[in-house]
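Take a look at these structures.
In the two complexes below, subunit A is the common chain; its partner is subunit B in one and subunit C in the other.
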Partner chain A sequence: MKPTFRQSMQWLHTWAGVVLGAVLMAVFWSGTLLVFDREIDRWMAPMTRLPVIETSTPLDPMIRPFIATAVEVGASSITVALPYEREPTLRVSFRDVSGLARYNLDPGTGRILPDPETAAATDFLYRFHYSMHIRFANVGIWLVGLAGMALLALCVSGIAIHRKILADFFTFRPSKNQRRAILDLHNAAGVLGLPFNVVITLSGMIIFYAEYFPSAVRSLYPNAASYYSEIFDSHSRPKSHVPADAISVDTVRHAAQKIWNGDRIQYLVINHPGDAAASMRVVRATDNIVLLQGDTAFFDAATGALLYHRAKPEPVKRAQGFIAGLHFAQFQHWTLRWLYFVLGLSGCVMIATGYVYWVDKRRKRHEQQGLSGVRLVEGLAVGSTTGLIIATLAFFVANRLLPLGTTFLGYERAALEGWAFYFAWIVTFAHAWLRPRRAWIEQCWWIAAFAVAAVLLNGITTGDHLVRSLTHRHLWAIAGMDLLLLAGAMVAALAAGKLQRRAVAPPASSARGRPPSDGIE
Partner chain B sequence: MRALLATMVRIVVSVGGGYAATSGIVSALAVVLFRCGLTRSEAVVLASMLGFGVYLGLLLWGIAAPRLWRFALGLALLAGGGFAVAWLMHGGVVWIG
Partner chain C sequence: MDHALHLLALTVVLYLGFATLALSQVRNWRLVIAASPPSPVMKIVLRAIGIVLLMLAIPLALWLDGPSFGSLMWGTAISVAACAVTATLSWCPHWLRPLARAIRAANMSQIVWRLNE
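Let's look at the complex of A and B:
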């Protein structure tokens, strides 16, 4: 449509970014936060901030009563998730007549902890990340997929329109002029983060390969169910209807650990509890491997005999599991975890500066020609960057302000936190469109205020203020979150102050200057 | 206005048509890989994973193609050909049992 390939790519880069930037920002931002999903969970569910127990602590005495209850209510299975460093509670769940019964236990004492009543990161932010909570006809998943494809196209077109890709590595001229500095930052974040951005986007979509390309499954299988039953390695046997007691969970746990060189057990499931044909499915944790599909072993729950231990998955499925594992980052490696976080943030910077550059370049021309595009896109940019951050902070603040047991208009506390997120987000969009001149500055101040409020509220409502959390090893997740919130508040306040000074006295000399000349005009 | 309409049509053809063509290629690829000796589920996973690259290529081609109708024709051939191959060879699979 444009005379040359480079110009076509230029056009694609400009417009794909503007149209899907808001979705991309939402996915990148939530993904960046989800790097610390369990830590955010601890922050939002204070009753689960527990010291980590020794892995050798016997669990039988704590689990037995729940197995008995599950047998009584006729549950078909009972799941026990074991505690570890990032998730220090023992979680037991089974399905009874009224739905899924879930219990959080303190593994040190066996005490049942109060229901956290929050969807926190591993539920709310997680679903937001891959589906934006749009469940209708899977529209959310497809929208995120489209944005993912757009990001790949943006990466390719971004490279295609640059002649000096290597020079962009080392170019950042913050003092030259504002637009030049924005573009340099966009290029630096885009080029330095390129491998990460491509891998994280592609791997995210490969997780959903069967969702995005159902035609592959359909061409070889009569239906999706038969495909899944083939790839989900499982072992099942019918109920015998002869009652029998399950043997010790700890015995089976240790037997499984022996198979896996002492590696930790993630969770175990007892099928047909209370029956003589009951089995235990034990799943190995993926602490020291990237591959997501953990090893699984099946034991006879009555005798403790090993029934079935699956072989390694086939090579392509192993590769898919590795790619998915790269994305989920469930391995235990704090340096890599922080690296994911920093690279995620750099992706956010890339998206945000792309927006700002688009707006800045057209502002004057649109004003002269009376076009409304800049105003529309600037509102979108504000709402999807500072607005999204405010929404996230409102989610945290609502979590600390709403007492346990709160209901409103029939919604429970966990849902209300979600509403706080969306309400705040909508308000920031409205604000951005109503006050275009002041929106960036004011929303930066809001970020600073909300972040500080979240830290203060955490200290007041839980007593785990920074002095306490920094001096207790098991509260470092809380300390980390508080410190990041404070750092964010500081950055936001500095940005707001700087923008304010510039708005009061627009620098005459530095606002102009030679236009960028590396093909982005 | 005409330019905007032309752009919209191009985007719809690239995104929607590109997906249809990718879908056809992926199903054909899955069947061919299976026939080449991969197990059924392995063929599905490999073909799907390669699909993302195929779709990206088609998207970029759609945006850069000088004549949209030729690109659209190419997509139609790819989609039709892909599904035809998958259907014909899948029929074979059923015959084998």
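Let's look at the complex of A and C:
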């Protein structure tokens, strides 16, 4: 018999969710954390926890020696990222013979800070979010793209199979039987969070349009470089091979700020430093707008004359910049960023409850029929939810335990932190499959323990314990992270306690409770 | 701080919108108050009011936070407000009793008005 529309949608919803749920969870969880990427960076790199300086502080005396070095080693460009509230260090980088030389400076004193030796959030978690660190043939990016498509299909099919979407719109019955409550929670997180889930997933995929739909770029541009040059508003001129000193960075910075009504400069790049044809690319910060692509202006580095500035980008570029900006959430609108964080967590709840519902519904039948599906999927569910959280916490704990300069088997500290993440993650999967009855409870306890350990280790190794971080304005990012870790530990401990009590004496309501008579089955 | 106040204002309007929509449903009405549920006409009126409140929140959000941030604030706050109404109905349905009483009063006057006709 031909399946009905609802049956085929149900099939799609069930299997797309079970197969790709783990990837979706990884992307949603890391994306949620990345709302506070710079704050996690501060937590993981204590040497960069600095008070914010006045934007008028002259930068020339600090930058000049680096420009001189860059000229000496023949670097083709030197990049200077300016400090701001969320990233209070002055960052200088250029390419020399040994690779990319990167320096973090205290903008108040000009002192070079020790290398943080961590990939933290803006590197490790960021790459994990869009590629799961699978670099081979861009498989990771495509896997995340596939999961994104699957999530959109899950949203549509989920609506299609929901029997009483309007009647149950505001329904969550935690006191009813366990399975009903799980399904209610799944439906509430899915239906009520639908606008965010769809927009964030779609925008994430649009960011990678050149990867997922390369034919458009290939048919319009002779090569990738010409395409990116147009996208990023590049303006270049050849080297003259006549040596010349660059004009003051501060002069150019102020000239650019004048064009942009005093807005902050995010970073500037000096091309061909030390050459008479050197130019400075200045990029406007996008803190107070959603649009991600900051305006760019080019100045003659020798004379300070404005070479090129596009007053307003094309509408298509603006639209793309808005879509990318709403996804990256790098703006200073803290309320909106917190909303993103909360809705990101609700997305995680949606994915986790989807798994739990699948397992709960089939557990009895699979046990009777001797099938192993439930055991396999439950292990996947545990590993991809509580396991992923433990892995993230292990990443934080490893960051606080490994002293600077640690190397092991040829790997440097930053890489070792990444290994700690993956090692912990694999252990949680193994644990989930080896101890299926106790996995949820034990891993909830592990979360609580790891989170408290991270907070304690931060206090011990950096001295920025909660009392200190709460009373110093520039340490609020650290206080926020510590408080969220403690809140997470509390929720995990409560969940563990509740699951433990339920495991000892199965509640009457769940034993007697009817399976859901309405909603999806 | 301003942004948090904007969110508060926006959430209040959206919350009222969703609460009105929720009370147009008999099951939610019974959760909140032990009184006869709104008449079919009143249900339609409540739904219209609810949707108007949700829509009114759009210009409010755009006015408070500008077109780009405002649209995102509305798009995210709408989920938070709907979750808040769901949570209220799950744990503290009596919080919505004043609203239900007001609706019932309006409903009564409507019946009286109809009888007079």
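Convention: the second predicted complex is superposed on the first by the 499 of 521 C-alpha atoms of A that agree within 3 Å, B and C clash if a C-alpha of one lies under 4 Å from a C-alpha of the other, contacts with A are read in each partner's own complex, and residues count from 1 in each chain.
The rule is short, and it goes like this: a contact is a pair of C-beta atoms (placed from the backbone, for glycine too) under 8 Å apart; a residue touches a chain by one contact, two chains touch by 3 or more.
All figures in this text were calculated on a predicted structure; none of them were measured in a lab.
Asker: Put subunit B and subunit C onto subunit A via the superposition and say whether they clash or fit.
Answerer: Superposition check on subunit A shows subunit B and subunit C fit without a clash.
Asker: In the overlay, answer first, second, both or neither for which of subunit B and subunit C A:Val52 touches.
Answerer: In the superposition, A:Val52 touches no partner, neither subunit B nor subunit C.
Asker: In this superposition, which partner touches a larger number of subunit A residues, subunit B or subunit C?
Answerer: Of subunit B and subunit C, the partner in contact with more residues of subunit A is B.
Asker: Report for A:Ala216: first if it touches subunit B alone, second if subunit C alone, otherwise both or neither.
Answerer: first
Asker: If we overlay the two complexes on their shared chain A, which of subunit B and subunit C does A:Leu291 touch? Say first, second, both or neither.
Answerer: Once the two structures are laid over each other on A, A:Leu291 reaches subunit C alone.
Asker: Applying the document's definition of touch, where does A:Ile112 land relative to subunit B and subunit C: first, second, both, or neither?
Answerer: Neither partner.
Asker: With the two structures laid over each other on chain A, which partner does A:Leu306 touch: subunit B (first), subunit C (second), both, or neither?
Answerer: neither
Asker: After superposition on the shared chain, which partner residues are touched by A:Ile134: those of subunit B (first), subunit C (second), both, or neither?
Answerer: Neither partner.
Asker: So if I put the vertex at the Cα centre of subunit A, how wide is the angle out to the Cα centres of subunit B and subunit C? Nearest 10 degrees is fine.
Answerer: Result: 80 degrees at the vertex subunit A.
Asker: Shortest C-alpha to C-alpha distance from subunit B to subunit C once the two structures are superposed, in angstrom?
Answerer: 20
Asker: Which of the residues in subunit A end up touching subunit C in this complex?
Answerer: Spelled out, the residues of subunit A in touch with subunit C are 167, 169-174, 188, 192-196, 199, 289-291, 322, 326, 331, 333-336, 339-340, 342-343, 346.
Asker: Would you mind writing out the residues of subunit A in touch with subunit B in their complex?
Answerer: 1-2, 5, 8-9, 11-12, 146, 149, 152-153, 156-157, 202, 205-206, 209-210, 212-213, 215-221, 227, 230-231, 314-317, 319-320, 323
Asker: Would you mind writing out the residues of subunit C in touch with subunit A in their complex?
Answerer: Subunit C reaches subunit A through residues 3-4, 6-7, 18, 21-22, 25, 27-28, 65, 68-69, 72-73, 75-80, 82-83, 85-87, 89-91.
Asker: In the complex, go through subunit B and note every residue touching subunit A.
Answerer: 6-7, 10, 15, 22-24, 26-31, 34, 38-49, 51-52, 55-56, 59-60, 63-66, 68, 83, 86-87, 90, 93
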